[in-house]
Every structure is written in C-alpha cells, then in structure tokens.
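Working notes, structure below.
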Amino acid sequence: MATVDLIEYDDASPQVRAIYDDIRRARKTDFINNFWKGLANNPEQLRRTWEGIKEVMAPGALDPLTKELIYIAVSAANKCEYCIHSHTAAARAKGMTEDQYAELLSVIGMAHSTNGLVTTMQIPVDGAFKVGG
Amino acid sequence: MATVDLIEYDDASPQVRAIYDDIRRARKTDFINNFWKGLANNPEQLRRTWEGIKEVMAPGALDPLTKELIYIAVSAANKCEYCIHSHTAAARAKGMTEDQYAELLSVIGMAHSTNGLVTTMQIPVDGAFKVGG
Amino acid sequence: MATVDLIEYDDASPQVRAIYDDIRRARKTDFINNFWKGLANNPEQLRRTWEGIKEVMAPGALDPLTKELIYIAVSAANKCEYCIHSHTAAARAKGMTEDQYAELLSVIGMAHSTNGLVTTMQIPVDGAFKVGG
Amino acid sequence: MATVDLIEYDDASPQVRAIYDDIRRARKTDFINNFWKGLANNPEQLRRTWEGIKEVMAPGALDPLTKELIYIAVSAANKCEYCIHSHTAAARAKGMTEDQYAELLSVIGMAHSTNGLVTTMQIPVDGAFKVGG
Amino acid sequence: MATVDLIEYDDASPQVRAIYDDIRRARKTDFINNFWKGLANNPEQLRRTWEGIKEVMAPGALDPLTKELIYIAVSAANKCEYCIHSHTAAARAKGMTEDQYAELLSVIGMAHSTNGLVTTMQIPVDGAFKVGG
Amino acid sequence: MATVDLIEYDDASPQVRAIYDDIRRARKTDFINNFWKGLANNPEQLRRTWEGIKEVMAPGALDPLTKELIYIAVSAANKCEYCIHSHTAAARAKGMTEDQYAELLSVIGMAHSTNGLVTTMQIPVDGAFKVGG
C-alpha cells in the first residue's frame, strides 16, 4: 500500500507516457515496475530519476552486474524492501549466479558486523588510511 | 578516541600475537590496523572475526576488488567512518581506479536517492520480483 | 502483527481511558490509532508520549503542517513504515497539497543522495559552517 | 580528511569551473563549499547533482526555508555530519530563527522516539491510513 | 517472500542437516526457524553463523536474557522486522516479563530520542568521557 | 563543534539552573555534560528530556546497568558518537566489567551481522513468532 497512486500507462499524461516508452525501449520489456508508477505523480522527478538511472547504471568502468551488486548492498543497509527485491531480480536477470549471490551475502553479513563493532568501539582512523583532500 | 585500549603487538598476549602474525602474513605487511588492536581486548572475538574476514574476502565467485566495493557501499550506508576509510584504502591497494571509484560513488548516490524515495512512498513490491521461498 | 497486544478502549484501565479520551478531544475524532493502543501496555509511557506529542506538535514558531512534513522526513529516513503512513495521512488532513507532497519527495530524494555521497567521500566540514559552542 | 581530493577553482577543468561559476552566481557568493570540491572529481556527477539541487531547492509549493528544515531532518536521521552543518547554516542564512530551530529539534527528537517505539513494537498500519495505489 | 529458497530439513544436504540437528539439540525443539533455512543456501555461512550464535549467546559475564534484550535493541534500531519478532519471542521464552519488556521499550524510546537530538545538534564529546586508546 | 551554543551554568537562566541543580543532585557530581548544555537552549525540552531520563533509567524491572547496556546498543546502531561515549562511560561508572563489555560487543557484532543477512534475504517471519495484537 503506497502513499501515492500508482499511475498506469493508460492513465498517464503524454509526458509520463514518453518516459514509460523510453523505459520500455531501454529495458526491452513492456513491464513498468511500481517505482516508476509512483514517481509519475511528479513527472519532473520521474524524468530526472530515470535519466540519472540510465547514466549511472550503464556499462562503464564497472560492469552492469557489479553495479547491481552494489545497489543491493546499499539497499539492504538502507532497509529498502522494495529496492532489495527489485535489484536482486535485476542482478539475476544480468547473470548473477547463486554462488555470486552467496558471496555477496557473506560480504554484506561481515561488513554489517565489523561496521557495528567499529562504531561501538569508536576505533580511530589509522593515519595510513588518510589519503584525501 | 576509542572506548577500548588499542593493544599493540608488544603488549599482546601470545594468543593475540599469533593472530597478529597471521594477519601480517596474509597481508604481506607488518602494519596492523586499529580495528584489530581494539578487537584484541577479546581474543576470541578477534579470532572469530579474522577467520571470518579471511574466508569471506578471499577470491571466489566474486573477485577481491568487487568485494571491497561492496564493503565500501555497506560501510557508507552504515555511516562507519573508520570502515569507509579502511576499505577505500584497501580497494585502491587492490587496483581500484579513480574511474571505478567515480562510478561507485554514482551508484551509491543514486541508490540512496531511490531508497529514500521508495521508502517514503511505500511502493509495494511488484509480483514479478517475488521469486524466493 | 505487533509484539504487544493492542488495547482497545473497552478493555482499557481507567488511567488509559482518560488518556484515550484526551486524544479524542484533542483530535476531534473517536478514532484511536494503533500506536496508542500498543503504548497503552505501559500507561506511564503512554502518558509521557502523548504529553510530549501534544506539546511538540502544537502551533508555535513552526506551523503544524511544517511539523508534519518534518515528521514524515524523519520517519522515512528511519524506515518506520507505520510512522510514514500515519504522518502522511496527518499531513494531508492538515492541508498538504499534492504539489507540496511532490516537493517534499524531491527534497527527501535529493537529501538521501547527497547524504550518501558526502558520507562515502567523508567530506570535511567547511570552517564557514562552524558556528556553535 | 576526505577519501578524494578537494578540487579548488584554480585547479579545476573548464567544465568544472563553469559549474563552480554557476554555483557562485546562484548563491551570490564566491564561496564554494567542500561538497562540490569533492564531487568535482567526477564532473558529470557534479553537474547532475548541482542541476538537481537547483531544481529541488528552488521556491515552489514549499518555501526554501521549509525545504532546508526538511533537509536538516533527513541529514540528521541519516547521520551525515557535514550535511547537518551545511544545511543548518543554510537554514540560518535563509532566516531560520532560534525559536524555529528549537521546535525543529523538538519534532526531530519526538519523531526519533516514536519511530523507535513503533518499530520495536511492530505496530500494524491502521486501515484508515491506507490511501494509496 | 524471501530472495532465496528456504531449505527444509527433508531437502537439505547432509552437511546442512547436521547443522539443523545441532540447532535442534541446542534449543531442545524440532523447530528450525526461517533464518537458518535461508542461510542454508550457503552451508559454510550457515555453519559460521550458527557457531558464532552459539558462542555469543551462551551464558557468560552477561546472562542469556540480557543478551536477548540487547539483541532486540540492536534489531529495532536496525529496523530488522524478522529479527525483532524472533528475538522478542526468544526473550519471552527465556523469561522476560511484561514489566521488563515495558522498561526495555522505555529505554529504546528514550535512546532514539536523545540519539536524534545529539546528532542534530552535533554535541561534542566531553573530555571526561574519553578513556580509550 | 555543535550547531548550538553550549550554555554553562553561570550563563544559564534560573529555569535552566534549577534543572542543572537537579541533575547534579541526582548524579552526585557537579559535572554537567554537553548534551544538557545544548538542550538548554530550549528550557522546555531540557526539562522534558531530563524528566524522561530520570524516570526511564531508574531501577525497576531492569537494573540500571542493564539499561545502560541497552542504551549503548541502540546508540551504536544509531551511530551516535557522543551517546556511545557517554553511555559507555556511564556503564563503567555503574560497574560494567571488561568481560561484560566484551560480551556486549560480541552480541552487538553478531546482531548487526544477522540483521544485515536477514534484511538482504528478506526472510519472512515464522508464524511461531507472531504473538501480538
């Protein structure tokens, strides 16, 4: 149950339909998932978010599957149920094997544990790690 | 400033020194970072954590650099300053290029944004994403 | 499914009923939402929380609608599903328009993104921002 | 200490300088804060983020001060030290009074408390709050 | 709906069955809860996690009920619905009274509130609290 | 560096001084820590928070040390540096031994790990855990 209406293609304005069409073309499927239908209540934010996703998730210095793994990791740490499901599905669609998923889970579990320990002990950053501006 | 003493090699018990030695061998450096020095107050937890890290971060279905990128992503979402610094340094030591880091940042920024939007709108999970038990 | 019983008016002690009555008077409705029914297992905490809410959400230097927008923003960042739903409903009841909600969402999405980026990059606070004690 | 270099105007590429110039014009100050200097390592993300901020924080259905209050609330819940400082400074620059700030703090404190209580008790969402798609 | 299959005893490998058997013996019940059935997709992580839980939750300097209260507190702050339910049930099974639960809730509510206030005000740590390495 | 002034006793209003005096009496020390000095900018919130803390942290069904352990656990999961330091100091002042602290850390580390794993796998709550209203 969302706090907004989910806008279906048939009920969408021409501006929103154009973005839905672009999503369909880019993803080679007619399926528009609920996230976009919720964002469509604000066409400008729908456009900005979709443009951002297209740029960010495109192949580059990191491959698309690696990007999905990172997206799952952030979404899990941020406790976003929808995002976990949608990006786990996307990772599988992009070829994530069950062995890779098992290792992703292992890293996520370990990282949460050491994050919690470090924060509780308030470990100071080693000088050797300080490299930036 | 930690909430615990940071135990240096010279002040460590034989049990702790043996683990420090294993860390040094595995990492091919004499440097022991502060996280381990804090954990060393509880040798059993030091051992359990180090054994876990060795297993989890070893090459497998995912390569070690990809694992560090995931570790950074989780640590950032969990706001662990120490972990962000130590795993960003580790990723660079494992060959992360600045272009890869820039893309990692882009994915992290985008994921936080859509996580926040989805959660605020309470978007329901699409049936198509539901695949598990 | 809660971890506590939800205490209905008819099953409540006189102490709890008096608070329920005050909630009804203050809100000009017979409806008691589930949060209060859960808190009622500890009448002292029910009283303390309701007194706090009455004080904090009253008109003052900030108007009640602005306070609800802030409440939604915190609840979303804290991933509290119930709180997101109840305060979004409250904001609408206090006159939030769909345009205002769209802009609230835009600010929330942007804030999550820059929060995530700043934290990952560990940007140091500019001296110009430091004004407090 | 950042994980990236902070790129000063004099060291910036023409593409980055053009965005810095736009930030200066829009904000009527020569001051470029560290967030932009960190983002400048990825000029495309700098551009995308600045364009987004300009759109999102402009006056609209919500006034700019209300947007800053929301930004503070999200940043605090997300524990982003830099963002808390920069947006508290921005809110004061946009006219936030100390009385308004005191009430903002009260709402934030109350929201965190009820968020924590609701989550611990896993209170189910009242049917009356369910209005969306 | 999980992102993984939940592996039942009858479908489990001998390696997984041996761990399930150990869980049953240790807990004196045939009931295997879903967490273990999900972890069982990665027998090594199942083993490591179960060994860790056995060690960590055993009676020691803190009694098992106190450990469950701490586990609930962490799980609530981390918004883990499953973990809140499972550890609240475990705490009750270990003798948590409703009065103790009410006080746990009070501490959790207060802690979230002061955590949020302190973070928003960015209160500097008093020198008197600094004791570690 | 706080976003507010820290109000010292000598600069405080009579209303604030009365609360500072009560804190000193209750804690049997002249020391007023920075949290109260920041809250003192809003005397009403100072009063409400101090009254709440006194009630909540008093001996009851849970002893004061157990309450401090819970407070540390919440504060760490909420990444509140100040709160971690102040409540770790308070726990030690109330008799927390280093063995107890080591076990607290073990539970916190384990809980963060399983919280992260459960959330990533989106494990459904077992029917057996559902007991509430």
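Order of writing sets the labels: A, B, C, D, E and F. Residues in every chain begin at 1.
One rule holds in what follows: a residue touches a chain if its C-beta (ideal position, glycine included) is under 8 Å from a C-beta of that chain, and two chains touch if they have at least 3 such contacts.
In this text, all values refer to a predicted model and were calculated from it rather than measured experimentally.
Think of each touching pair as a link: the shortest run of links from chain B to chain C has 1 of them.
Chains touching both chain D and chain E: A, B, C, F.
Identification of common neighbours of chain C and chain F yields A, B, D, E.
Ranking all chains by how far their C-alpha centres lie from the centre of chain A, first place goes to F.
When you average the Cα atoms of each chain and compare centres, the chain farthest from chain B turns out to be C. Computed centre separation for the pair chain C/chain E is 27 angstrom, with centres defined by C-alpha atoms. Averaged C-alpha coordinates give centres for chain E and chain F that are 20 Å from one another.
Annotation for chain E: residues touching 2 or more other chains are 1-4, 6, 38, 45, 49, 52, 55, 74, 76-81, 84-85, 88, 102, 104-106, 108-117, 119-122, 125, 130-132. Taken together, the touching pairs cover every possible pairing of the chains. The part of chain C that touches chain F in the complex is made up of residues 1-7, 37-38, 44, 48, 52, 55, 125, 130-133. By the touch criterion stated above, chain A contacts chain F in their complex at residues 72, 76-77, 79, 81, 84-85, 104-105, 108-117, 119-122. Residues of chain E touching chain F in their complex: 1-4, 6, 31, 33-35, 38-39, 45, 49, 52-53, 55-57, 60-62, 66-67, 69-71, 73-83, 85-86, 88-89, 92, 97, 99-100, 102-104, 106-126, 128-131.
Chain C meets chain E in the complex at residues 1, 3-4, 41-42, 45, 49, 74, 78-80, 132. Taken together, the chain F residues at the contact with chain B in this complex read 79, 84-85, 88, 98, 101-102, 105-106, 109, 116, 121-122.
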